[in-house]
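The structures come next, written out as structure tokens.
One chain, chain A, links the two complexes that follow: it is found with chain B in the first and with chain C in the second.
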Partner chain A sequence: MTSRIHRRGLTGLAGLAVLALAVSACGGSSGGSTKGAAGGTSASPQAGCEDYAVYGNLKGKTVTVYTGIVTPEDQLLKDTWAPFEKCTGVTIKGEFDKSFEAQILVRAKAGNLPDIGIIPQPGLLKTLVATGKAVPADAATSTEVDANFAPSWKDLGSADGKFYAPPQNASMKSLVWYSPKEFAAKGYKVPTTLDELKTLSDTIAATGKKPWCAGIGSGEATGWPVTDWMEDWMLRLWGPDEYDKWVNHSIAFNSSEPTAALDAVGQYLKNSKYVNGGLGDVKSIASTTFQDGGLPILKGNCSFHRQASFYAANWPKGTTVSPTGDIFAFYLPGKLATDKPVLGGGEFMLGFRDAPEVHAFQQFVASATWANLAEQGGGGRCVTPNKNADPAKAANCSDIDKLAISVLQDPKAVFRFDGSDAMPAAVGSNSFWKQATNWITGQSTKDTVNKIEASWPK
Partner chain B sequence: MSATTGDAVLPVTSTPSIAALDAAGGKLKKRLTSPWASLAAVLLAFLWTAPTFGLLVTSFRPKAAIDDSGWWNFVAHPSFTLDNYRQALSSNGGGLGTFFVNSAVITIPAVLIPIALASLAAYAFAWIEFKGRNLLFVCVFALQIVPIQVTLIPLLSLYVKAGLAGTFWTIWLSHAMFGLPLAIFLLHNFMKEIPRELVEAARMDGAGHVQIFFKVLMPLLTPALAAFGIFQFLWVWNDLLVALTFAGGTPDVAPLTVALANLSGTQGTAWQLLSAGAFISMVIPVLVFLSLQRFFVRGLLAGGLKG
Partner chain C sequence: MSTAHKFLTMFEAIGLFIAVVGVILAIASRFSGRRGDRVVAAAFLLPTVALISVGLVYPGLKTIYQSFYNAAGNAFIGIDNYRTIFGDPDQRTVLRNTVLWVVITPFVATAVGLLYAILVDKARVEALAKALIFLPMAISFVGAGIIWKFVYEFRPDQQGIKQTGLLNEILVKLGGSPHQFLINSPWNTVFLIIVMIWIQAGFAMTVLSASIKAIPEDIVEAARLDGVRAWGMFRYVTVPSIRPALIVVLTTIGIGTLKVFDIVRTMTGGQFDTSVVANEFYSQSFRSNNQGLGAALAVLLFVLVVPIVAYNVRQLRSSEGR
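Our next item is the complex of A and B:
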């Protein structure tokens, strides 16, 4: 009997808990929706809306945006849309979902597309344009992009000779992490050409310290950091046109230019005088995870680590990442000091509905007004390649983001997308990684490029 | 299908005499109380619970500690924080709290619709004679073999044509469709087991199909309904694929699982929140299971026949 009463009590308690949860959750959601509605309806001409007059009155219209950007960056993104919504009266409905890249293709097939998708890679953009569901950007957006971005960005947002998608944010991969404190103590200067980088590496190696440290371990994707190295050197040694030919397979993977680029990388990564500072010999690069690859810099066992800006998150808590702190990065220089090749990533606003409000929103994101809002917000949405953005607005951004902004917004910057992402999957996310790993553990450059070329789908 | 084959499929609902049950229980007890068997059981239970326990411990550890060492280190270096839970629930972190309502709105109809339809269909298959009954039943049974993934794109284009895409309807209908074959099969077997005499006696007393269904069969079916209800509830509550594909990830319709999948952030840097998020989303299924599990245990069918 007691056990029975006890059980009843438990069930009652459980019921109560469910009720409490439901009520509290209910309160939360209704609060959120009323706030949204109020924001949408109060669209009267207001002060501060001068920059938005060009988009006209879009009251009562809705634009749906689908993206793989999620918490906490989704809020930063919504904050940049808020003034546009307030001034034009349009409602921007965001859908933030990490499985975006798979779902957008399913939706394209089924005809359930958003008005705008934020596409993180040019290959996906081309696939989506090929479905015939994408809408080219209008003339106003095109003019805005011409005015604000380097021509390479417009090419990336184009497919089949038509311009579709203006860029939004960008990221930068051509970075070398180093210790500003070590540089100050030893009197080293940040190199401005590839030759200077080599000379400085030799200088450090002569002191008995191995200057470079690297790690390419990444589970199934082990080897990918080498692909970034090779892309960076391909872009620096042979220029953007040869780089594009290499990525599009107009020149073979084992032809002389890519072979020379990989050999040039080998002068760093397979040089037993240079690597692997604090971690072991050359082969230890393959067994070290990419997250751990740069950490010896902090202990003073190594001086340089080439990795993208996102590596900032890997430094342990308490590390100051700044031009005068424990750790910072410099732009991996070009062959000449005047060259500014940049390897990186970016996002593009691809439209799927031919309507004034959709075009207006694309035009807005391509404008300097939007770029300034993104920089003001700080955090993960700081970096835009918009060269007319005001650098003074970037005060809230991290120092690494500020560096990325200054390089990307440089009028001389020639931007190229991560090439292995654009290659066929059988190469870009398979043989390139695997052969690069074999190359580190002893395979010759010739064998490596031959095997990758052999794996290219015919 | 005869009652004996039904017995073979679902022995839980067989109705042996209490004495036989006791005797069998005694024998079983003797066999299981061998120390080795007990040890094996304890070991299995430990192995089964250890990962969940590890997850629970992890959810209360600070991010730095999670990054540095495994959860078992909490014995040597105890550190406790509610930050993970606070951040997972807060609106500028995960905001999981607001998604509970969506999950409930999705789950309740998605459980009730197939139960209602399947119990009616199962009754027809079990107790109404009509032409082609067996063939139709085999067809329904065979539908279980169709993998969900194959249906995603065709079904979504149908929803788009019907103007339903992005609404709760798509999820309710989809889960009902995917759940029905198993539900009909399961409930049919339960109904078939009810002695023919009982149904015939009711018919002699003048009951029609409706009365037989509601007054005679429904009370006897409670354990079966509860069993299927729990399965369907857990499946729908934990589902990510169906909800994401048909309704999308907008905050108006997205269930808890979508929020959970996004919790670790764009670059996966906030993964310490996942353990806390997992426990938050587990609360409701555990409560549902605990409050319904007695239906599994209680022999309602035997009571119904004797009383």
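Our next item is the complex of A and C:
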């Protein structure tokens, strides 16, 4: 215990702290195995453990990890931890629970927190930091994140000006699904700017085909896909800074920029020449479930469907999802071909215990070593925004995941988190969905943004 | 939690329940005589009163208290939440829908049930006919919502697209064009109400049929001798004789309708201007994190239900008193 207090008092002077710990009489039991100090002396280097020497000897220590990631991905995650456990001697105890997002807050109130929680939302991260129970990341983890991730990722893992949580996996939402076979047959080219996308849509519409299909039905969450559309256009038309202002409500929801963004989306979703291929008129977008929204592409009834990478799981069995197959996706282009705004989601490793083994584990997940392990595992843990990950390791990943990896790890990529998740619940998971749905069924853009603005909690 | 562990917990709970009842019975059996009766009554009532206070009265009072607080529940805002309910256009739509539900459902369901009960009364296939209309009662609201969602399902009127919804298939077969039943307000609320009527008509039919059968034969015969025709029989004999049953059926369905939540949530999620008070209460409390407004909506629901319950209880008492 003394060593922990010791540490906390000296966090400002990281180098000195390491020295102090190495000198202090704590021995090897609790504080002695700090990364820097133990790095050189770590005994019995096993084969293949060279990359793990930096984390030191953590034998006998346990780190508990709580997450909403469940079967079958829990096993993929455990597999990425195995080499770390083997080489450092630490035990990582995972707890995989579907109701994580609600439970973590309950556990924070009850004082029954894990060592690390894998947080899928920046809003939740801020809430948890506000409880005062979260522990900022140490200097080594911070350095690791600086080296491996675009700055926007570090910002997302920070709160109140302090860096807390390194990113783990990511997902990508800025995708448009299409049929490579149709493109090859008709000689269409994948658009590289928003204008090209519009021109191609017009070209297809001129043939009498409705180019776009969409569905926003999702029970009480009906409307959420429209919020993704609006976020994508907000990011493209006005850039990341205006996007952040919009999400943080430094500009009003009904000010000119968001209004223009929604109108730009309306040129697609409320354009009766463009929608809703194979599904009906504009209003049918509201009555079609989001799962069914893109399926008409397969039957040739529409050409484009904008939806996140997870939509890959929605295609019927036997559909080949590849750059030359029945179905694939292209990156929803920016205003210019050189812009690379990306809308997506991600997970963050938030620590709740100030201990060397917890910090070491955070640092490990932020490293390229971990990202490579995740890519090697294939499946749902493939995509990481770690730009130093080795693309060659992604051979097991699906083609869509490879596309997501290439966009997310692009040095020019400007990543922004799903904005509606970061807005207050009254907006982000209620009025935004509801008014977006009403907008599809006929409400004007002006009324829509006004009503959402009015619902923003004062 | 493993299955074995769950069963163990269940048996522990059952054991605990038996033990508590045993203790109460043991205490009660120690007293006898006039004063003893009171002790026995108190012993039996006490656990109930205690549980009702903890499980109903306390949360009820707390909800009323919360309804005067803001979204986070940390600042007193007076009657602002109630002002929102009656002032905000979206909330007013919720109230309008609730009124539609409460006005239409009990009367139509009861009328359908009553008509059906009279029509099949003493018919040859009475048992089968009754079973048919009673069947929906056995289906949960959520199940009924899903079934009717398929009935209302919409597919566009385009080449190569087949209708999958029953109603739209009929419409198309008859030469019409498919209709978006669940999207166009306010008719979509009416289409949701039909689901509730479909469920509740069976209940109305069963209760009313039983009380029609209980009308004394001599009254019916006397009326017939007086030359009363079918309509007169219905108007002056049947309805007055089953009046208490009619009121119980109307009020019971009315209370159930006020609290309707499952059908709306399953079929539209409260979208397209179909939300009702109970559904809005849920959305505000658990989706918008607006505890105050959620509590105010719950209180409103409580205030609306109370008079119907009171009337229902009084009717029940007066019919028992006879």
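Everything below uses one rule, namely that the second predicted complex is superposed on the first by the 414 of 458 C-alpha atoms of A that agree within 3 Å, B and C clash if a C-alpha of one lies under 4 Å from a C-alpha of the other, contacts with A are read in each partner's own complex, and residues count from 1 in each chain.
The working rule: a contact is a pair of C-beta atoms (placed from the backbone, for glycine too) under 8 Å apart; a residue touches a chain by one contact, two chains touch by 3 or more.
Keep in mind it's a predicted model, so treat the numbers as computed, not measured.
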**Q.** Touching partner for A:Pro457 - first (chain B), second (chain C), both, neither
**A.** second
Q: Considering only touches as defined above, state whether A:Asp195 meets chain B (first), chain C (second), both or neither.
A: neither
Q) Should A:Asp354 be classified as contacting the first partner (chain B), the second (chain C), both, or neither? A) neither
Q: Identify the partner contact of A:Lys109: answer first if only chain B is touched, second if only chain C is, both if each is, neither if none is.
A: first
Q: Give one of first, second, both or neither to describe whether A:Leu279 is in contact with chain B, with chain C, with both, or with none.
A: second
Q | Of chain C and chain B, partner touching more chain A residues | A | B
Q.
Once chain A of both complexes is superposed, is A:Glu220 in touch with chain B (first), chain C (second), both, or neither?
A. second
Q: Quick one: classify A:Asp146 as touching chain B (first), chain C (second), both or neither.
A: neither
Q. Taking the superposition as given, does A:Ala426 touch the first partner, chain B, the second, chain C, both, or neither?
A. second
Q) Of the two partner chains, chain B (first) and chain C (second), which one does A:Lys93 touch, if any: first, second, both, or neither? A) first
Q) Which chain A residues come up in both lists, the one for chain B and the one for chain C? A) none
Q.
For the complex, give me every residue of chain C touching chain A.
A. 71, 90, 154-158, 160-161, 180, 182-183, 265-266, 268-273, 283-284, 287-290
Q.
Going by the contact rule set out above, which residues of chain A touch chain C in the complex?
A. 218-223, 276, 278-281, 283-284, 286-287, 299, 301, 424-426, 429-431, 434, 437-438, 441, 451, 457
**Q.** Contact set on chain A toward chain B in their complex
**A.** 7, 10-11, 14-15, 17-18, 21-22, 24-26, 28-29, 32-33, 66, 68-73, 75, 93-99, 103, 106-107, 109-112, 310, 313, 317, 380
Q: Over in the complex, which chain B residues touch chain A? Could you list them?
A: 64, 91-95, 97-102, 104, 152-153, 156-157, 159-161, 165-166, 244-245, 248-252, 254, 258, 261-263, 265-267, 269-270, 283-284, 287, 290-291, 294
